[in-house]
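Each of the two complexes below includes chain A, the first together with chain B, the second together with chain C.
After this line comes the complex of A and B, so read on.
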């Protein structure tokens, strides 16, 4: 890069940006030109810190170079890299003699939130601190959790128009080297791809675009992420994203939460059993209702069949439509309450409760039994480990519902087999979804 | 593929056949001493499987199509394996058709056959395209989730056992060997042939398979003796689906379901899907290697359509039985000639390499 040219180019690039600033500052007794974004750099604090590290030294060019040793990041950056570094909140200083750019770390202004307790994942027994938006803090949290020598952290800056930092964290002795290699290769190959959302990152990693189940485990708890690391997964941390993504997910993650191990073994087995039953209920119940009502009522004992038929007395449409209608309303309630402000949330719950509970039955629009079935299957749905998995199961129950409405109990069976087949065919980052452990290469359910 | 996956698949392939037509054929074969017919079948399979695996172990990482092709040439391989492919092809058609009739009777009396058939065939073909690893994992998942149903539906009727129906135990004249239905029952022992297709790098040992074989034998005996003990020979011989009928003889208060044969049909059709997937996968692999070098999806589509229409052409149980008897020759050929050929090739290879 031309020694004089970079300043002009930089100014041209960012001209019109109100927060791009060129300031004169005195560092180590020298007046230098400083380039930065005022909005993400706290200059006075940075200068003060630099002065502190220079206490006792003679302020001259050597001191500046020593400072550079302490704070300098890149030796000879190109213009794009320089721009990216500036956007990351770094300080660029013109060397007073050679005129070359020197990149310094800078103090950020107070626009990050401190480490606080988890908001979306609740643990009764377990550490409660959660990841924040700041990548560096997140890595620190993981380090604090896993005091091991073989904890590896590799950082990547991705993107051409935007710049996003991604950190790959793994344990050298635990993680399957093939996973690490696969992730590393893909991140390096796609260096210029812009990563805006998790979606982009997963696409870059070669995850299937339309997967029914989550092919990664997302968690906001460092403890959970650390356990995932110990189990042989690799963890991806995305700057400005307060969740860790552990890849690849396997079928076990649907019913096991890593912090279960903070309980005695018996309780752990009990929890997991309940979750497994929950999965079965959530998937099968709505479909089974339709099967027993309209396709294969002879399956039930006669007393039971009669009481089922009685509860549907006066309902004007087929069981399939009835279930579908109610399921859609339920989905809307779930969807509405997820993102509402906490002060309005209870209103929806109340209104939903009135409509779904009493009024709709009295109006003979759906049967009593259906309400019970749907409530049970919705509750069962949320016993599943990991929020992402609950969504997968929510979608999957519609497949079961449609096929069983057409083919009865056989349809139910075929839909379940299809689900297994789908899982069996799913493979992310060389690990088949239907394996019980990420570590070995052998795969069995 | 790990040993456990292979074992689970081995059990399922056998069970699918056992739960569909095996019992009918054995009960048809002889009026007493059924265990002799079963035991002969088991010993025959043991012997043939031993020969087969012995031959295979000389060619690690290859499947039989490749082995025969490389040692005796492409055309000889095509000629030798054509009856095998035909056997697999017709077997899948007959087997799914047989399951379908059962499904039609027990669960979906008013749904048109073609619709059920389409649903029932789509899954194995989809699975076959995905490959044997996927099928093996599917098999393991189904093994865990459907085995309880199999065991449940087979043994719920124990309270109705009439132990005197077991007599006469001994039958000295082996007249049943002359019965064509005995040879049809041997279909159920052809499951070991898939071991030649998995092309595992470490040779599969017969020793490692013995738990699977023992389990299969238990079920073979159970599937014949459960209906026999309940109904007696005279009545059991009249049933098309004796195992399913046996589960219909009990009324369990504590099960909320009234129609217990459903469990039997559900579990056996699930096993049937696994079995068909494996066999269709074998067909696809051999066809691609030896006869039609095409893309997997196209080939699967062609095979699937052919199977679907041929299967619809079968009208009634008599016709199905006749076809079963006809393809018994193909089955015997594949079960006896292929292991012998492989054993010879293996011997030859070992000799020539020192």
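After this line comes the complex of A and C, so read on.
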């Protein structure tokens, strides 16, 4: 880059940005021009730290260069890179003699939240700290959790118009090298793609766009992420995103939570068994209700058939419409409570409880057996490990429902078989979804 | 074609071919549990359907026609809900009907797609219509079915025949069957009156309940029934096992059957010794067995299914000739071995 002009170009580029600042500062006894974004750089703190580093040195240009060696990130950056570095909260200083830009690390102002306890993932026994938005802190949390020499951290800056930092974390001796290679290749190849949200990143990594199950495990717990690393997954940390994404997900992740290992083996087995049963219940029950009520009532024992028939007496809609209607109301309750302020949440719960629990049955709009079925199915749904997986099951429930309404018990079976066929065909980052471990150490994995 | 249209095209048959608009909800169906079949007054058949309801009343639909299907069709026409035979569990057939042959009934029951072949068959003696319309209030809904259900009211005195067994029996070269006979009860729904001995499709004779019990032992269907071994002495049969020794000599088939009984003493007022009780039981069963065998001979009906035992050793011609040629020549011996497993607190040799 031309020695002259880079300042000019920089100023032109960020013209009109109120927080883009050019300041004069004295570093190592020399007055220098400093370029930065005021909003993301705490200049006084940065200068103070620099002064501390320079204690005992003769304040001259050499000291400044030495300081740059300590803090400089890259020599001779291009203008775009320079702009990206500034946007990342770095400090650019004009070399007082050569006029070259020197990039320094800067102290960020206090606009990040401290490490606090997890809000969405509850655990009874296990470490309580959670990831924050700051990438560096998140990496630190992982390091603290896994004090191992072979913990590898690779950082990528992605994007052309925006700039997003992504860190790939893996254990060299545990993670399947093919996964690491696949992730690394794709991140390098798509260096210039903009990453706004998680789905951009997943698209970049070649995950299927429409997948029924989550092809990654998302967690806000460093402990969980560390366990995923130990299990051979690679973890992706996205700057300004307080969840770690462990890739690739396998079928096991639907029923196993890594912090289960904080319990004795018997209890662990019990928890997982309950979750497995929960999956079956959640997927099958609404469909089974329709099957037993309208398509194949001969599957019920006569005693049960009679009481089912009685509970449906006077209900105006066919069973299928009835289930669909109630399921939609239920989905709306779930969806409404997810993002509501905590102070309004209980209202919805109460109203939902009145509607779903009592009124709708008394009004003879649906049978009370259906309420039991749906409540059981919804509760079962949330026993599944990982919030993302519960959504997949919630969706698949409808597939089962539609097919069973059309083809009865046979349709139900076919729908479940179809689900397994789908799983069998799913492959992310070289790992088939239906494998029980991602390490690839056995022939069938 | 875009991907979306292809997906839609694939989903279209799902809607068009499923026939799901014919589906009827369970509360829009009548679920009869019992079908009564007898000769009609004006037509060949009179069909009665008993439809239970949770509130405890039994609805009864009746129709006469010249065929069973036609009668059902007429019932469907007059019923306000769809009549669904899927839950039919019991066929009650009048004695009159059974004596004139059940070929059509069996054919219908097996051929009809919506009738479960696990349903049971029984013969009603006495007033058929009264028995069918008989309602005992404390045990409503489905008590006629419960009476025969092994999970509820069945006792070993009652023989059970399922539709598929009845059909098999009516077609088999080597087996006949005995259907249970019931009569309208006074304080319960039915009284058990023994078994009807069938020959092919026709009822040819009957057994008393006591003989039915021995018959059940022979078929190893026996658990937990009581027999009165001698005066004032009663035992429960815990386990019954049969062992057959067959041989085929120049004079025809020979069968020696050993009955092994594990029994427990429940009443022993005269304080008999174990050996005496065993002897009593042996004599009793021997006697009843002889009665049954005599009946088998007299009616020429192989309702014990002896032919089944010989079947593996017979060639095809012999199988076909079994009922006409070989069964009459059969030599049959029954011996009983009794093991008293538990004499409760009746101490042997204790004097009262």
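Please note the rule applied: the second predicted complex is superposed on the first by the 440 of 445 C-alpha atoms of A that agree within 3 Å, B and C clash if a C-alpha of one lies under 4 Å from a C-alpha of the other, contacts with A are read in each partner's own complex, and residues count from 1 in each chain.
Definition applied: a contact is a pair of C-beta atoms (placed from the backbone, for glycine too) under 8 Å apart; a residue touches a chain by one contact, two chains touch by 3 or more.
Predicted, not measured: the structure shown is a model, and the values here were computed from it.
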Figure out whether A:294 sits in contact with chain B (first) or chain C (second), or with both, or with neither.
second
Contacts for A:405 in the overlay, against chain B (first) and chain C (second): which applies, first, second, both or neither?
second
After the superposition on A, what does A:418 contact: first (chain B), second (chain C), both or neither?
first
Once the structures are superposed on A, label A:434 by its partner contacts, choosing first (chain B), second (chain C), both or neither.
first
Is A:318 contacted by the first partner chain B, the second partner chain C, both or neither?
second
When the two structures are overlaid on chain A, which partner does A:308 contact: first (chain B), second (chain C), both, or neither?
second
Can you list the residues of chain A that touch chain B in one structure and chain C in the other?
295, 298, 300, 302, 305, 403, 406-407
Residue numbers on chain A that touch chain C, as the complex places them
292-295, 297-298, 300, 302-303, 305-310, 312-315, 318-320, 403, 405-407
Would you pull the chain C residues touching chain A in the complex into a rising list?
14-15, 18, 20, 23-27, 29, 31, 33, 52-55, 84, 86-87, 89, 114, 116, 141-142, 145
Tell me, which parts of chain B touch chain A in their complex?
2, 4-5, 103, 107-108, 111, 115-116, 119-120, 123, 126-127, 130, 133-135, 137-138, 140-145, 256-259, 262, 266, 269-270, 273
Given the complex, residues on chain A that touch chain B span 295-296, 298-302, 304-305, 403, 406-411, 413-414, 416-418, 420-421, 423-425, 432, 434, 442-445
